[in-house]
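Note that the chains take the letters A, B, C, D and E in the order they are written out, and that residue 1 is the start of every chain.
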Amino acid sequence: MDRGKISKWLKYPEKMGHKYSLWAIYFATGCGIMEIPPVLTSRWDAERFGVLPAATPRQANLFLITGYVSVKTLRPIVRTYELMREPKYTVGFGSCPINGGMYWDSYNTIKRVDKYIPIDGWIAGCMPRPESIFIAVTKLWMMIDKGAATGYIRYRENYRYYRENQERILGKLDWPPLYPEKMGEDNG
Amino acid sequence: MDERELELFFGPQHMGMVGNFSITLKVRGDRVVEARANPGYLHRGFAKMMEYRVWIQNFPLVCRINVMDPDPYELIYAMGVEELAGIEVPERAKYIRTIVMELSRLASHLAWIWAYGNALGFDTIGQWSMGDRDYIIDLLEFLTGGRIYHIYIWPGGVRRDLPDGFEEKTLKILDTLEGHLPEYDDVFFNNRLFVTRARGVAKITKEEAIELGATGQVLRATGVKMDIRKLEPYAAYPYLDFEIPVREDGDSYSRMMLIREEMDQSISIIRQCFKKMPKGPVYHRVPNPFKWKVPKGETYVRMESARGELGLYMVSTGEDKPYRVHFRPPSLPHGILILEKLLKGASIADVGHIMMSLYIAAPEVDR
Amino acid sequence: MVIKIVEMIVSPILAFVIGVFFLGLSRKIMARIHRRYGPPITQPIIDMIKLFYQKSVSHGILFDLGVVLSLTGSVVVILFIPFGGMCPLSGSGGLLAILYLMLLAPLGMALSGGEGANPNISIGISRKFILSLGYEVPFLFVILAIMTHYKTISIVEIVRAQQGLHWSIFSLPLLLSAIAYFIILPAILGIRPFDIVSAPQEIASGPMVEYGGKYLAFASIDHALHLFIGIALFVDLFLGGAREPITFFIKMLVVFIIGLFINAVFPRFRIEQAIKFLWKWPTFFAFLGLIVALVVR
Amino acid sequence: MKIMDREENLREEILSVFKNTEVSSPKRKRLTVITEKALISEVMKFLKDRGFKQLCAISCIDWIEEKEFELIYHLSSFESGIHAMVKTKIDRENPVMKSMIPVFTNAQTYEREIWEMFGVQFEGNPRLIPLFLDRWRDIPPFRKDFDIREYVKRTFDVIPSLEEKQNG
Amino acid sequence: MSGKSTIKKNGSIFSPFKALKFLFKKPHTLRFPFEQKEASPRWRGFHLNDWDKCTGCGNCADICPNKAITMVKVPEIEAKPGRKNERPQIDYGRCCYCGLCVDICPTGSLRLARDYIHIDHGTKSFTLLAKDEKTDKEHFVSKENYSLFNASLAHRMSNNEGFVSDLEYSLFEPERVPMPQVPAEERKLSFIEQVIGYSREEAKKEASRCLECGLCEEACPAHLKISDYIRAIYEDKPVDALKKIYEDNPIPSICGRICMKPCEDVCSIGVRGEPLAIRWLKRYAADVVEDYVSALNIKPGKPTGKRVAVIGAGPAGLSVAYFLRLKGHDVTVFDSLPGGGGMMRIGPPPYRLPVESIDKDVNYIASLGVEFRFNTTIGKDVLFEDLLRDYDAVFLGIGTTVSRSTRVKNADKAMLALDFLKNNKIGKGVKIGREVIVIGGGNVAMDVARESIRLQHIQYPGEKTVTKTVSLEDWDEMPATKEEIEEAKEEGVVFNPAWGPKEIRIDEEGNIKGLQCVKVKSVFDEQGRFHPTFYEDKEMFLEGDMVIEAIGQAPDFSFIPDEMMKKLEFTPRRKVKVDENGQTSIPKVFAGGDIVNLNLNAITAIADAKVAAEGIDKLLSSK
């Protein structure tokens, strides 16, 4: 942990700020959420790492896709993700977002979440233990440090692809594209 | 005051919401005019998925229905299969099942105190109860090898015998917990602000509760002494001595107090189980999973989960897979009609804790 | 004159530092009560740095203006508050100016909130006004009592009058006022049990729903300044202020920690309960204080 | 033993009132009533008067080979502790059933679920709107002729991942 | 209300302040990662798989509710019967860590570890072949070198087992349904069939143990569809089971009794438990169906007009006849014995294989239109040359019909095993001695010894009689099956392993006095060839009045004319050489069974016969 290094703060305040102040959006997309309260509360105390639950997507910069994503949940997830301010990071929790997990043959769950929104990191487990979540946070720090947590850039660059996939599952989305310029690029 | 009517989405992305659930509120000023529960964010179609899996493959699946209180689902599925297939469960396994049930109930109640405190904007109690819940999760992990999904109670008994030192460890943790509960009382349950916030809020009468399908704390808070553990005892409950706490008011406060009082009972039940538990086998082997065909028949089994009556209606046509499985989760009636009824006319500030007081687990509503 | 200008620059910065320190400390102390360790004490600054570097989206000129307005209001109020012998605008205005300027903050909030199209915002703002209705009355009584007691509207005068150990709380009428003020302090600061305005679990942090990035950073700065104002005012009015900053700071710390304890052990009021409560106990104490002050005079 | 009597009594009572009805008690505290579609709300009212105050659930089974849906109304009595199942079968091609809301208010939710999952129409239910699913376009998913695995293949698996898309 | 809860009715303003005492207490937070909590001993984390133990049976892939496990071919593992070269690959984007795969794993090779941390920015690394520290030294590091921050599927702690298999709680049943048998005390008094056979319930129960992994099918020389017929037996459809068996094996009644069951040796349940009783289940299917003709409803193929002669009505001959008949050819089977079965008819004693069972199979094949000419010796009654001329193809399934002799001094006084067995089973019977010495340690020797015991009991009831065996091999090398040895012991056969016969001593009248033996040093030389060496100084004398030699058999090719015999090629191990169609070096002549393969058992003969039948059919249809 280089949180205490003043020199680094002066050199890269942006990176350091994003690293040590991860505000997670409070959105229980699936059963993985059950490990979040213990992580945030007294036994594990994620606040030591600057991880906090944020009340609204505008204030958050970390999105935990906690477990399976049903079709109905995908809509608010996309909406919430688009509302978040850049830079924003997403972490997929457990098996289900990776490849369907337990619900690989369910008609109402999304099998691979990274087809619809970009994911910066995946945590194995069903569900991941608090330890895994902490290690994931440190890995995310490393990624931010190296500039590798670029999911939001990927989203911007391939917005058309993501938007098409979202509409394929959800039907026409009832909000305007986040990056309209990316949508028009190929059309014109 | 502002008298415009606004439409407000309470959830699914909302700090006051525990679980992926949504309520559409029509509000005028600070009052809810109309509430529409909007579940389905966690719908996975368990009943359908189970029709595609052989009997034993369903056993890791069912517990996923309710993440907060998974063990009752394992037990009820095991009970259903055992009844259809005519399997006798060893005595010791029954006691172990009871212990797991009560530990799960404790964990669920503690988590719910967190949720309720959170809804009131009171995080101190939540921090404590969630922290204490972790010790119970540790116990369950020690016993079953899983933190949240234990996959432990399976048709024919339980999956492994108690590990060495489990009893001492459990009793120690129960002692600690029992030491902490009076502190909970001091800080939360006796907190004047909690009492004023919760008392008299979201009242439901006995008749309404029965009519709308309420079970569990919601029903018991209206004065009906209804608990499947007494009504139709299963596992080791017939051999145990415990009480069913009942309150008369039917409000948010009573429901929360019942949760608190049930925790005392759970602790005492676990202690009794350890005292009375016989030695012997814990698993009656079922046929090999690829060949297991459960005889033709249907069954309705029910039990008392942390939230109320959990029912399972299961039909087998003599194949290696169930033909139809239908869970009757306690949260479904609570989460839609009762919630909508109680929210009507409530203050926005109370929406969260009314929902929490109804003990609604969103994944259970959706299945 | 130079000193005044330096003070005018230094005191908001100092207020900010102390406010942020209190925010960090509060998280640390709360964590202890929660039986955990909590974040490092610098965490609020880290959060603010992050927020400044986040991409922020404006919802229109009023949105921006509102944020600036409430922040300016807070900064100006700070200039009126004596801080351990340092008071940039001591001569002019005093209490009345503070009273007036403190209304700016909710106004700014309302201004920027009206721009965001979220129902939570309007609910939050209406709550804010209702709540301020609740605490303005006792606050007014408190201020009046003090003014009556010391026969001045200058805070500097009031502080001077309390020198030695002639603290206001040691005289009966002002003790009542102090209690009243202490009770409404959380309401003024918008912290529990009166955090009805933001109430993340009810209306998703209310007026701040649409705030992100810089706006949220400004809002947190504003919050830190408010924290400073509220407590500094209490110290100045009732605890005799201080000549040098250190004593003043220690007094503030004591007030803050006691206030924090209340914050830690109570859930949130419902809005009408809050109003009821505010109009009952603090108003009663404040009114009684005023009467006594009038009578004693 | 007293409760066993009650089950027997109920059985005889029901049989004496309703025709075309079978009543059995497969085990203790269980009562199965099989009746015809038209009689069902009468039977439910009758049972409600006899202590079965709560409608626990409504199950539906798709007997695809018999071309029938079977509806099972689960009633529960808190006094005697008996759980009663009232069953009836309806046509699968044109599944229409009278709503049970006049007898039990909370039938609304259960009927909504069955309407959504099986496509059974309940006449008189004012709120037949989607409960769990989001803009479902296929046949009701719990019907036996709906193959989830095939559906998953053709809906979710065909979407290319970003890498696949970029590599063509 | 409970006495324990300290609830006050209206609450209090001041009691909440008791929370402040925690301000000065040590928090109970676990300061991860600086303080760590170990996962519980039963933790279900990532998979471990012992590649040496794993048989690649694929049960884990079948049981996985999420299809997270796929069996992947691993080229570096050599595939052999009972060990596929496939190993489970686990997709952690699917796995739910339920551990069903562990509970079903018959070998116990698959376990779950206590490590569980894997975090990556891509999804590819979430799929991997399960290994353990034995096979994967690179990725499993010792506790000292393990770092939590590097923890992933590629950096795991060794010796970190969590949830492991426990036979007591396994999903399969490790114990076999005991086969009802006549107890040794009773059975040794007569020739009644020792094994009683499963009842319907027992058969179903035993069949229910089968995991359908298919290892047995690969190990079976004839590749019977074992999983299928066991499933049919489980589903209580013995006729379907029999039909499945008849696809590959036309003599279920015989095989169901005396098969050497290579399948059971590789049965995955047999790794830790008792293998599935595949043979007994086949026997159950064969026995429970009374009338094959109406039940099986197999029709011979469209007549082709081609004629095939089969010499020898043993398993190979019968099978060839059956398969060719199904293809529509006319088949004539010649045998010198009065009935079908060949070596089966004379070899296995009646307590193992009653003649009626043989006839059941033979009669069924006959009912399909196969012509049997029993009591017909080729070379004597019918000339081999004539067969070659009259028929379109000839199949040699003559088996090994001549017993070998030890050729020690006075060996001519001893009796040969086959003669003994044949006379006893279908001939006029044998006068047994009171003290019998059987030379040999194979299954034939066991048969002889156990028959001898029975004969002694019948012929000398109540008297003291002894049967002993002498074998070159020691206990662990003895070629007879363990089962046979055990049963022989139960019945009272005395064993003298690791002794070689030196001389049969006779008295003046020419009666046998006993056997002089010499201690064996080793049986095989370094290359593994049979080359016994002895301690010349260690000798022993076994008393006895009868010696039976059961040390092996050889085929009898005397019916083949010399010039043709010269053309017949042999392998280095003195077996008839056949090509991939089963054809010998003589055109039109095919061969199979014991004269071709080294296994000397019925099921291999059937496998040969299947090949030869295909070959003959190819030859005939090409003409």
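Going forward, contacts are C-beta pairs under 8 Å (C-beta built on N, C-alpha and C of every residue); 3 or more make two chains touch, one makes a residue touch a chain.
Small disclaimer: the values here were computed from a predicted structure and weren't measured.
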Steps needed, at fewest, to go from subunit A to subunit D via touching chains: 1
By mean Cα position, the chain sitting nearest the middle: B
Far-end chain from subunit D, centres as C-alpha averages: C
Chain of greatest Cα-centre distance to subunit A: E
Separation of subunit B from subunit C, taking each centre as the mean of its C-alpha atoms, in whole Å: 43
Between subunit B and subunit D, centroid-to-centroid distance (C-alpha), Å: 23
Computed distance of Cα centres, subunit C from subunit A, in Å: 36
Gap in Å, rounded to a whole number, between the CA centres of subunit E and subunit B: 52
Shared interface positions of subunit A, touching two or more other chains: 41-45, 48, 55, 70, 72, 100, 102, 104-108, 112, 114, 126, 129
Touching two or more other chains - residues of subunit E: 16, 19, 27-29, 31, 37, 39, 65, 96-97
Shared interface positions of subunit B, touching two or more other chains: 14-15, 40, 43, 45, 48-49, 52, 60-61, 64, 124, 127-128, 131, 149, 187, 191, 193-194, 196, 366
Full enumeration of touching chain pairs: A-B, A-C, A-D, A-E, B-C, B-D, B-E, C-E
Contact set on subunit D toward subunit B in their complex: 29-30, 53-57, 59-62, 72, 74, 76, 78, 81, 83, 85, 104-106, 108-110, 117, 130-134, 141-142, 146, 148-149
Contacting residues of subunit D [partner subunit A, same complex]: 132-135, 138, 141, 146, 148-149, 151-152, 155-157, 159-162, 165
For the subunit C and subunit E complex, residues of the former touching the latter: 29, 31-37, 261, 264-266
Residues on subunit B engaged by subunit A in the complex (per definition of touch): 12-15, 17-20, 40-45, 48-49, 52, 60-61, 64, 67-68, 111, 114, 126-128, 130-131, 133-135, 137, 147-149, 362-363, 366
Complex contacts: residues of subunit B adjacent to subunit E: 53, 56-61, 64, 124, 131, 138, 141-146, 149, 151, 159-160, 163, 178, 181-183, 185-196, 243, 245, 257, 260-261, 264-265, 283, 285-292
